[in-house]
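See the structures that follow.
First chain A sits with chain B, and in the next complex the same chain sits with chain C.
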Partner chain A sequence: MSAAVSRNRLPIAATAGLLLGAAIMVTPLVWTLLLSFKSNAELMRDSATAFSAPYTLENYRSILVGSSVSRWLLNSLIVSLGTTAGVLILCSLAGYAFARLDFPFRRTLFVFVLLGLAVPEQAVILPRHQFFALLGLHNSYPGLILPGLVAPFGVFFMTQYFRAIPRDLDEAAMLDGASRFTLFWKVLLPLTIPAQATLGVFTFLGSWNDYWWPLISATTSDRFTLTVGLASAQMNYAQTSGLGFLMAQAVFASIPILIVYIIFQKQIVRAMAGTAVR
Partner chain B sequence: MTRSRGKAGHLSGYAFAGPFLLLYATILVYPLLLGIWLSFQRADLFGARTWVGFDNYARLLTDPTFHQSVLNTFVLALLIVPPLTVIALLLALALNRATRTAAVFRGIFFSSSVLSVTIVTLIWRFILTPDAGLVAEISQVLGREPLPFLSHPDLTIPSLAITTIWWSLGFPIMLFLAGLQQVPPDIYEAAALDRSSRWSTFWRITLPSLRRTLVLVIMLQTAAQLQLFGQAQLLTAGGPSGASRTMVLFIYEVVFGRWDLGYGAAAAEILFLLVLGITLAQYWAITRREAER
Partner chain C sequence: MLSLELDRIRKAYGDTLVLDDVSLGMDAREFIAFLGPSGSGKSTLLRIIAGLETADSGEVRLDGQRIDHLHPGDRNVAMVFQHYALYPHMTVRENMAFGLRNARVPKGEIDERIAQAAKVLEIEDQLDKKPGQMSGGQRQRVAIGRAIVKQPRLFLLDEPLSNLDAALRTRTRVELAQLRQRVDAGVIMVTHDQAEAMTLADRIVIMNDRRIQQIGAPMEIYTRPANAFVAGFVGSPAMTLVKAALEPGEGPFARVRLGDGAQVETRVSRAGLPVDGPLRLGLRPESVRPAAAGTGTTEAEVLLVERLGDRTLVYARLANGEEVTAQDEGNSRIRMGDRIGLAVDGKAAHLFDADGTGHHAEAAA
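And now, the complex of A and B:
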């Protein structure tokens, strides 16, 4: 944090507000964690028993043994990693082209891609569902991954990043006899790694948490992602699983994303800063 | 680009940008146009199509269920966006310091935004539900009847708003923090020399410097909340009897519950126009201010 950080102390009222706010943020998470360590039978009697021992790992064992949750986790990983890899490849290639290469309609096409930023998912999701049904893509990994690959923001972001790299580098590499692809792959791409990390983390988060598209595209349990699987578990909660088991699923499903968040906190914050300054 | 590379540049430009452009055209542009076309059809999910002109739009105009969903959506946006903006701004002001404590608090306020809507609603269901929720347990200790947050027509929308605010705080806080970093420190030093109070410094310096960020936060959040879906579908199922049905939930029910694809597509186009209008308003608000300078 640089210059504009205030150094004076916070007034007491502000400190109190901050603590209250933090408590409101944390309490639901702690409550969830407590419930997940209680036996379903005890919670059935009274969920207030969550505040006292005995605690158990039984719910987590049920997740690992014979529930669909591990399958959903695997699906989520495949879809999110596939989407992230695809977005990074496509947006880097396109970003390089828009920033560095001269081809007919380059400007027009770039503006055309930027217009995509103004299209909300609602405007395309139903016809896309129809279109994918026609292609037989529902309940498949490509069907879940492909829509996430259309990332106009990623193209914009990578184009800006490539533009900021000095052109002297290209000239020098070209004089050394490097082909255009070698130049892109060996010289420029390594320089964009910070941008790749930022775009990658955001794409992964967005894909991991996406609900609308997998809800309508994946309709069989073996193709559910975690978000859709947990939604179905939540809807059926009354008949089937207990409260503790349900909350253990929520905790279990949050772990991968929390790990990503903790590792990439810097990239996330930097990307946000970028959005605001843009 | 130097002229000597012209020809090769043509080909390689398309080789590099082509894959993205191809997907963009088939998975975004084509569905967008198909959606507009579908909104003029009587169409079901299974392929039957009849051209009906503006019939679907005319039906929407007289459909009380749709009206209620539009109203609910706007009420929700109104209950969410202003408090979210103010709370996020206040928190950003308090957390804009280089201490480790501030960093920990920033982490806390951002943590909920990495969770998916399914997990957030799961958590809040068992905060709010009267038979096993945390709020109910607390009210019982205080000797009160737990309120039916998820089933009373007057309480479902506020419950959705609270859940959404809890979920969405992180991003606006980060935007405001980034905006605060852009305020030149010498303005503050000048204010300090003037013995300007904390209050007047905020109104005269901080807030005007944050105008761009403020517009961005309000518009991004409004566009996002007009598309609120998962919370309403999972927490209250739009109920009781439509009291918390949002526009997107309406579209979802029409298409995947009543198989009336053309009608749903028309409703989606109306939502699209609303969101587009807000995006353009944001663009206008930002560029106009820059032109004033």
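And now, the complex of A and C:
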């Protein structure tokens, strides 16, 4: 064994610690998955039956035919995709403007954007609720999407990314006769795709997992997002429809997010490691 | 006929003046090099011509038409950037086509121009690669190709060779010289490398301290520097400048006394020189030859010996502490610390007066 390989090996204690940590994290997921395949009648008797056959797909069938989960899933997709698309468009435009254009009060405005990072959602939720009520936007898709478009971190992130692109490219494009829009659309924006992917994934996940604002804004079941819908199901139907059904709903709800993680895991790891802006 | 005319260009950043009434005329198909130290204003001047900077005052005309108010893309100029500035997400072909598409050149003609340029630059097999997959030299060719396909009236090259290694730089320099013969346009190159300027340019514009110091053919700049700055900047190693005083006399040429008392008979006309002001004697290394101690014009102690193969440079100190660079044969036996004589060729010497103005040897009759 080479010295480099042996140096990279973890001590046994550390390996054991990591395995234990992984087991603690995975156990609830496995438990949820197992319960979702069990009938309610069996689980009412003893939830330990989750470890033994028979297993059934009945809970999943109930989701697809009888429950509102499909509707909530669609709502969550519309809200999350709408928010993500809006954030990417607005933050790219704002990032380009802050990084490249010279306009009055640019620095002051950017400071205001940065200050937005320090304002917690709790501080603005009441006036936001009143404002949306005044506009009659509650219990609608715009009402669920619009607050998510206020993304100071996204503006800051995209501004920094645009700033890192050499200005030589702008100048080369200008000499190539590119208009301001062509320069943005065909030269600079394609170069920000890694940043767009990172920002997009985090915006999508944040919107998908958001609970508080949909809880306030969506007032009827047909406008619930998954998080709100599942919570309401837990409160209202857990005892009658059964634990297995509830767990199947949770598994079903996590499928889209799992897909996003699988597709964008590179961007997520990069963003976590703080190496996205390069 | 003049192709490019710069008329009293002035530019300041805040309180810092970077170009002060710079004027220049350039012939069609001429190759001009802007040469000067960092901060001399040469890149700013190039960017003003390109339209990437706006002059505070003055005019830029190309083929008689004023262009300083035009968008960079409408000036009929193409630029090769120091760091290439190729669009990293586009292939070589797309990089070269980008400007032409913006100018709404028909697709067939775009393809034809790209094929021609690729053939000339020998990058035909690279057209579908992206810049990140190419070496520095290949990227440089693509950057040149992107400029060529636009068929501009003027090429602007911003330190085009500075990112290449020594071997590639020499090769690319030769290619640039050949390329220049093929294009029907003027070329302006900014460089701080005098070898590039000397080998490529028809005329060199020496810039320093916000102004043009001298405009001339390479050998004119080398043999008849307008002032002490040009004398010290052009040539490697630089011209030695030592204090001198004009000796009284009747002859047509100046005889000067150096700081260590030695006298040098020059071929510089006595007329036009200040009678009693301080002078500096300018000596290129090739006009100072080492000699046996006790012989030659003066004596010196050797500080450093630089053996370059075909010649040896000897850095020596005169009795009054001033340093002089002399040139010896490649197989010179001189060593550090030796005391040697120095034979000064007065016919090749230059004199610079108190304000730095150069006075040169008169051509032999």
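Throughout what follows, the second predicted complex is superposed on the first by the 262 of 278 C-alpha atoms of A that agree within 3 Å, B and C clash if a C-alpha of one lies under 4 Å from a C-alpha of the other, contacts with A are read in each partner's own complex, and residues count from 1 in each chain.
The rule is short, and it goes like this: contacts are C-beta pairs under 8 Å (C-beta built on N, C-alpha and C of every residue); 3 or more make two chains touch, one makes a residue touch a chain.
What you are looking at is a predicted structure, and each value in this text was computed from that prediction instead of being measured.
Chemist: Does the chain A-based superposition show chain B and chain C clashing or fitting?
Modeler: fit
Chemist: Return, as a multiple of 10 degrees, the angle whose vertex is the Cα centre of chain A and whose sides reach the Cα centres of chain B and chain C.
Modeler: Once the structures are overlaid on A, chain A sees chain B and chain C at 100 degrees.
Chemist: Who does A:Thr182 touch here: chain B (first), chain C (second), both, or neither?
Modeler: In the superposition, A:Thr182 touches chain C alone.
Chemist: On the A-aligned overlay, A:Ala195 touches which partner chain: chain B = first, chain C = second, or both, or neither?
Modeler: It touches nothing on chain B or chain C.
Chemist: In the superposed arrangement, does A:Val113 touch chain B (first), chain C (second), both or neither?
Modeler: After superposing on A, A:Val113 lies in contact with chain B but is clear of chain C.
Chemist: With both structures placed on chain A, which of the two partners, chain B or chain C, ends up touching more residues of chain A?
Modeler: Ranking chain B and chain C by residues of chain A touched puts B first.
Chemist: Mind working out whether A:Val79 is in touch with chain B, chain C, both or neither, as first, second, both or neither?
Modeler: Touch partners of A:Val79: none, neither chain B nor chain C.
Chemist: Look at A:Leu149 in the shared chain and tell me whether it touches chain B only, chain C only, both, or neither; answer first, second, both or neither.
Modeler: The first partner, chain B, only.
Chemist: Check whether A:Asp168 is in contact with chain B, with chain C, with both or with neither, and answer first, second, both or neither.
Modeler: In the superposition, A:Asp168 contacts chain C only.
Chemist: Quick check on the superposed model: minimum Cα to Cα separation from chain B to chain C, whole Å please.
Modeler: Taking the overlay as described at the top, chain B lies 5 Å from chain C at its nearest C-alpha.
Chemist: Quick check on the output: what are the common chain A residues between the chain B footprint and the chain C footprint?
Modeler: none
Chemist: Report the residues of chain A in contact with chain B in the complex, numbered from low to high.
Modeler: Interface residues on the chain A side: 1-7, 10-11, 14, 17-18, 21-22, 24-29, 31-32, 35, 43, 47-48, 90-91, 93-94, 96-98, 100-104, 106, 109, 113, 116, 118-128, 130-131, 133, 146-147, 149-150, 152, 155, 180-181, 184, 205, 208-209, 211-212, 216, 226-228, 230-231, 234-235, 243, 246-247, 249-250, 253-254, 257-258, 260-261, 265, 268-269, 272-277.
Chemist: Give every residue of chain A touching chain C within the complex, in rising order.
Modeler: 166, 168-169, 171-179, 182, 186-187, 190-191
Chemist: Report the residues of chain C in contact with chain A in the complex, numbered from low to high.
Modeler: These residues of chain C touch chain A: 50-52, 71-74, 77-79, 81-83, 85-89, 98-99, 102-103, 146, 150.
Chemist: Contact residues on chain B for chain A in the complex?
Modeler: It comes out as residues 1, 5-6, 8-10, 12-14, 16-17, 19-21, 23-24, 27-32, 34-35, 38, 45, 87, 90-91, 94-98, 105, 107-112, 114-119, 121-127, 132-134, 137, 140, 166, 169, 171, 174-185, 188, 198, 213, 216, 223, 227, 229-230, 234, 248, 251, 255-256, 261, 264-265, 268-269, 271-272, 275-276, 279-280.
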